[in-house]
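Heads up, there are several structures right after this.
The two complexes that follow have subunit A in common; it is paired with subunit B in the first and with subunit C in the second.
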Partner chain A sequence: MVTVKISKIQALMLGISSVTVTGHLFYIPVIIYYAGRDSWISLLLATIPAILIGFTISFLAQRFKGQTLVEYSQLILGKWAGKLLAIIFLGYFFHEITLDIRGFGEFYTSAITPQTPILIYMTAIFIMAVYAVRSGLEVLARTNQAFLLFLIPIGVLASILTQKDKDYKNFLPVMNNGWDSILLGTLSITAVYCSIFVLSMILSDVSSAKHLKKYTVMAMVIQTAMFIGPVTGVIAVFGEERAVGMYFPTFQLLRDIEIGTLERLDVIGVLLWSLGSFAKVSLLLYALAVGVAQLFKIDDYTIFVLPIAALIVIVSFLNSEDFIGIYRFERDIYPYYSTLVGLVLPLILLIVSLFRKNISPIKGEHH
Partner chain B sequence: MFKKNRKLTKQAPVKQEAATEKLAYDLQTNTDEIQEQFGKKSDLAIRFFEEMKMAVVYIESLVDNETIQTHVIEELNNQKAKLGATPLKEISLSVKKVIQIETSQQLKEQLLQGYTVILKDGERIAIAAETSGGDKRPVSESTNESVVRGPRDAFNESLMTNIGLIRKRIHTEKLKIYKCKIGTLSKTAVAILYIEGAAKDENFQEVKSRIEKIEIDGILESLYVEEMIEDPNGYTPFPTIFNSERPDRITAGLLEGRIAILVDGTPAALLVPATIGLFLTSNEDYYQRYDFGSFMKMLRAFAYLLSFVLPGFYVSILTYHQEMIPTPLLIALTGQREGVPYGVAVEIVLMELTFEILREASLRLPKTIGAAVSIVGGLVLGQAAVEAGLVGQATVIVVSFTAICAFTTPSYNLAIAARILRFAVIFLCAILGIFGLFFCLIVLFTHLNKLRSFGSPFLSPFVPYHKKSWMDFFFRHPWWSMETRPNEIAGSNQRRMPEESNNPHMRRRK
Partner chain C sequence: MLRFSLILICIMLLSGCWDKKELNEVAVIVGVGIDNEPDGAYKVTAQVIKPTPGGGQQKSSGSEIPTWSLSAKGDTIMEAINNLNKISPRQLYWAHLQIIIFSEATAREGVAPLLSWFERDKDSRAGSYVVVTRGSAESLLNKKVELGNISSKSMVDLLDRAKLRQITASQLKLRVLSTQLITPGIDPVLDVIDPKKIRGKYETYQLTGISVFKDDKMVGFIKDPSSVGTEIAFGQFKNSIIKGVCPKSKKGYFIFQITDFRNKVTPKVHQGDIQIHMNITMEGNLSDQTCPVDLIDSQNLKDIEQQLSANIKKYVQTEFDQAKEWQADIFGIGRELKRYHPKFWDHVGKSKDYLSHVSFRYQFNVNIRRSGLIMEPTTVRQKEMGEK
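Now for the complex of A and B:
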């Protein structure tokens, strides 16, 4: 088989578009719930864990060149403990997609076409994702690369066009709720960033791992910068009290855009989140399929793509009965759970790998 | 199904039977055998020269009568006296080419290429003189790809003329031509052209091996070759091999490092590897000023996108997202559609189908009646449909504008893809609203990313991103700045202009 290689920038672009776009849609309410009008301070503080995440991913990828998370966790912790950890990570990715597509479907059925069954949207997004994933990582990376270049200007434009409604007095008084709420806000933002850990499944296919740390940390900083617009925008326009009660505040923001006689530009929102969800779902699906294939030592990952996709749709319904349940989960449990799996466990992996200097390859592995 | 076919072509060709059967000594035996094989009452002509014990054999429909009369028969008659004793090999004839034949298989092949074969009693060889002729269309102006400024000539059906048209544009021995014959029955001549150094050698080897693997009885058009040598991309409505009937277009491709495939009997020449930029480019972009050329290029790309999405966009906006339309316009639109019984999607599909039928009708009809069809279709049918309340006026506007957008696509087979996929877009937009449109675009874009043409990604230089090749993608930079060939295609010699130049006119690029 032809070895597929993607560039560093393509890989990081996949990470950026998958985290930012779904983050903007679903997690902004959680951040605002915790940090309120001080969200921007939380966001600034979150740069530190963001850099830590970026560093962890790139450090592990550079130390174990050409190996994915599933492979090197077995190298570091031994066969069985490593496999267990790999299963935990894959489970995390799996759960992540079920949340995302549920949120995606709920977004459409509650905000745009209330009468269409949610299953239609889930199926649609999986048709796109399965097709892309089966076409290979190279196609996935290239598709996303072009989309992201298209998304960023639209995002910036949207933020400029909402300027007229913004009232920055809404940010006052600063730090009225004390440090606790700010730190909780930081934790919830960190939790969103943690899902970028999925990159450790694809960084093994990067053509050159030179300066990977620098690039990854840069990507994390860019990502933080991309959160500034929506987080501050929502509070500046709606104020803290109204913003907390909304499920899709950023979408509401876009709806208020007016350009001359053109108004209600829902289409922009649909475009942004279709592309973003496509990027995230297909990236995670790819990581899952490859991870499962590597766990069972099967060469061709494509056979897993469709069954996993079907399973994800089913589980996404089991997650919760309605969107309120999902939102509560994201608010109460997700910040701790995601940070634990996406940041603490990888850090442990990194520290253990530092102490075990002479790591021997597993028998039967050829690299 | 497609995969199976591809595998079949890989098998070794079946050996020709009796390929080594030699000619007989006896003249009568040889001529009888030929006569028997071609049939007694065919266009085969045999003329005996009793005194010299010689025979001249040719196929009447393939030869140039005048050449045979003046250069073969007359010359043989003039040399009557000494010919009886001279061996065949030493006979000199004033024709372009004379070859020696040893087997009866060879003899048949040469006869079928329009050669005149001369046989002599008592010799086991024959000689064949090149006398091929027959009628061919003169080189005329291109009717399908017309330009305001630029060369007018177009390929015709003769391979040699076509190669000549290219040779006359590139006077270098580096223009390599590789000729072969495909088709077990048709024996169609196919030529592969490339410029050594400019084109990648592995590309040429790939083209050659794919062409030589073709097994089919006959090739009548270059599309036969095109479909058989395409990359195994799975199903795709998009063309991954470019075709044109303009020699300047093909020559420009050769200079970029692409490889041309010319097939005898058709004016459509192929160009590989083909990327999307090639299909959206008209050669006039290079013959007009660069600012205008760039504008046209971008306009055309935009129009191509519109020809895809416009009907679908209209359907989704009017069915699901009315709030996006400014209120006065919305009132006007719904007012027009008041009497229309169907949904917007049905209306659009109805009109699109009508348009496709009209278009096909005007294409098949003789040119003089074609104009009548467009009048009936465009004016009478469109006007009447609106007045009868079958469709709204806006629908007619959208459908006709889409059609006009589609006409701007310079490549006919790229436009075909949009024509087919437009219906899928309309269908999905009718079901899913604007998300259906984005769904289509995402799947389509992923699909285009998957496509490859002889190893080159179809969407390059867009993705994968090659900065230098962007000079000739959405924009057409001035000629003095386009120093390199597109790097995803070209071979070792990447530069079109020397690196250092003392020429003051060239220096302004620095």
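Now for the complex of A and C:
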């Protein structure tokens, strides 16, 4: 396998664009469902787990330089337990991508083109993603870098354009529903952040791991900042009661922009979420293919890309019959499940690696 | 080979999608009216812009109306629209919908069941105005108006430019309506548009005050000028005018034209009594007067300020009392209570009885900035010359 190196910032940019964009599209309703008008408090509190996630990823990446999650989990826990954990992580990535691709397709079919079969969008994005992933990590990183330069100004613009409809009195009364709902909101935001753990599959290819912790934690803080606009904007415009019942509140926010003759800017949202979904799908697909290749000790990961992509499309339909089912899963199960796999397990991995001082680089012991 | 097949797939996918709509295959709907039928069904009337034949560069011949409206019945809005599609020569296209009109009878029955489709449909716009009309919505849409070919467009223009025309309109849009319906402690207020007879013939439209809703059911109309209370309460009274009686002479009137209006509403609760404090800052010009008095005189200015504040108090109180009679919380007092006194709201929010404990406290800050292009009215000068 040709070793391609990407820079730290490129890697983190991949993480940011994949988490924020799908988060904005699908998870804002979940966050609002739990925390209501206090979502912004949840978001502020979520910086703590966000920093923890960033720290865990970068710490593991620095401690096991040049090794991916699949490799170092075997080093830390031994061959079999490590492999089991790696399979759990890969399963998590796989499930994550099926949810995202389904959401992406459902977004198109319910909001833009109801006649077009959902499979078309899934196929289209996978053709691109497979092509990008087969071309290597560097291609992914650079494409995403180019996208993100457009995505962030568009997001800021969307936030500014909706300013006139916002009524910040909608956040009153503050904390009327108690800490429970706020903490559940924090949990659901954390769950969204957790999928950035996929970075541990690509941080091994970063050219220099110096100051990686600082950079990653910064990226997580930036990511939290990028959630402020959508979370507060939706509540400020629609009010808590209305915002709870929407599938794509951020999209509806954009759709209703009316500034003079500037109307129906939903195409901005479509652009934003299509590019973001592409970033996430391709990143996760890359991680999966590389992970599977490393699990079976096969040098060339590219042979796995297409079969995995096909499998993802199929499983994305098996997830749930209807979109409401997906939403319910994301609301009721996802916060706990994703936090468990994306934050708790890596933390355990981190702690175990701290206790096991002399980890042999080639083969670990079964314990 | 891979590259070739990729290109082939891309070409196949890029050639178009299932949902394409060609402009010459759709009927663009600008306004929709909803009436109810005696048998409980709804009648939906859609106003469509007629495509101009032959490229569209022709001058309109005058007698021909450039719109066409078609009606169909159904038990739900979607069914009626489906029936519309059965009779329409072109596919109906909702993305340019600008106004939704409810007839009085429909509004009295409740509008919430009618909004579902408009909110769910991907094409319809949450920025459409929602208005109520006395009589039927169908006939309102089919009235021919002077100075404006498309009747929905003229109505939208009436609402859109209300500020420029210095008239007050609540300008409620679908998004705000659905938010207000779902938010406890506030009842919506919709504009009322009626056809207006000029010289015995219906030729134009008229904004005739507001219709008050309790939850989603209309309960009554409030006519101008006491219908401005909601605008005052929500601080949207800018660019309107207030009439007052001239100080001293007590005969003529003056007109105060508001150029800036802000209202900071704070609810206070005192032993079960709800006090709504309105801190009103108002700036404006004296634009007209019929009395021969120098209104800019400092003593007179004080009188004028008093009159203005008295009028505002009167508008707010009259409208509130009327709505209270109907058990409608049109100023969103409940919403404010929920925001600032959530515990108290939990206690009283079950019914609308809290409205009878509401009283208003005002604090005015009136600034009269200008008096147009002249300092004193012409009448004063003439009188002084005569005395000499």
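Quick note on the criterion: the second predicted complex is superposed on the first by the 359 of 367 C-alpha atoms of A that agree within 3 Å, B and C clash if a C-alpha of one lies under 4 Å from a C-alpha of the other, contacts with A are read in each partner's own complex, and residues count from 1 in each chain.
Here is the rule we go by: a contact is a pair of C-beta atoms (placed from the backbone, for glycine too) under 8 Å apart; a residue touches a chain by one contact, two chains touch by 3 or more.
Bear in mind that the values here come from a model prediction, so they are computed numbers and not experimental data.
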(request) Check the residue A:Thr143 against both partner chains and state whether it touches subunit B (first), subunit C (second), both, or neither. (result) first
(message) Touch test for A:Asp322: subunit B only (first), subunit C only (second), both, or neither?
(response) neither
(request) Tell me which partner A:Asp332 touches in the superposition: subunit B (first), subunit C (second), both or neither. (result) neither
(message) Contact-wise, after the overlay, does A:Pro117 reach subunit B, subunit C, both or neither (first, second, both, neither)?
(response) second
(request) Check whether A:Gly239 is in contact with subunit B, with subunit C, with both or with neither, and answer first, second, both or neither. (result) second
(request) Could you look at A:Asp180 and tell me whether it touches subunit B, subunit C, both or neither (first, second, both, neither)? (result) neither
(message) Which partner chains sit in contact with A:Lys169 here, subunit B, subunit C, both or neither? Use first/second/both/neither.
(response) second
(request) Would you check which partner chain A:Asp256 touches, where first means subunit B only, second means subunit C only, and both and neither mean what they say? (result) second
(request) Kindly list the residues of subunit A that each of subunit B and subunit C touches, one partner per complex. (result) 112-113, 116, 120, 124, 127, 131, 263-264
(request) Over in the complex, which subunit A residues touch subunit C? Could you list them? (result) 110-117, 120, 123-124, 127, 131, 169, 172-173, 176, 238-239, 241-242, 245, 252, 255-256, 258, 263-264
(message) Per the contact definition, I'd like the list of subunit C residues that touch subunit A in the complex.
(response) 6, 9-10, 13, 17-19, 95, 122, 125-127, 175, 178-179, 182-184, 338-340, 342
(request) Using the touch rule from the top, collect the residues of subunit A that touch subunit B in their complex. (result) 108, 112-113, 116, 120-121, 124, 127-128, 131-132, 135-136, 139-140, 142-143, 145-147, 261-267, 270-271, 274-275, 278
(message) List the residues on subunit B that touch subunit A in their complex, please.
(response) 320-321, 323-324, 326, 431-435, 438-439, 442-443, 445-447, 449-450, 457, 459, 462-465
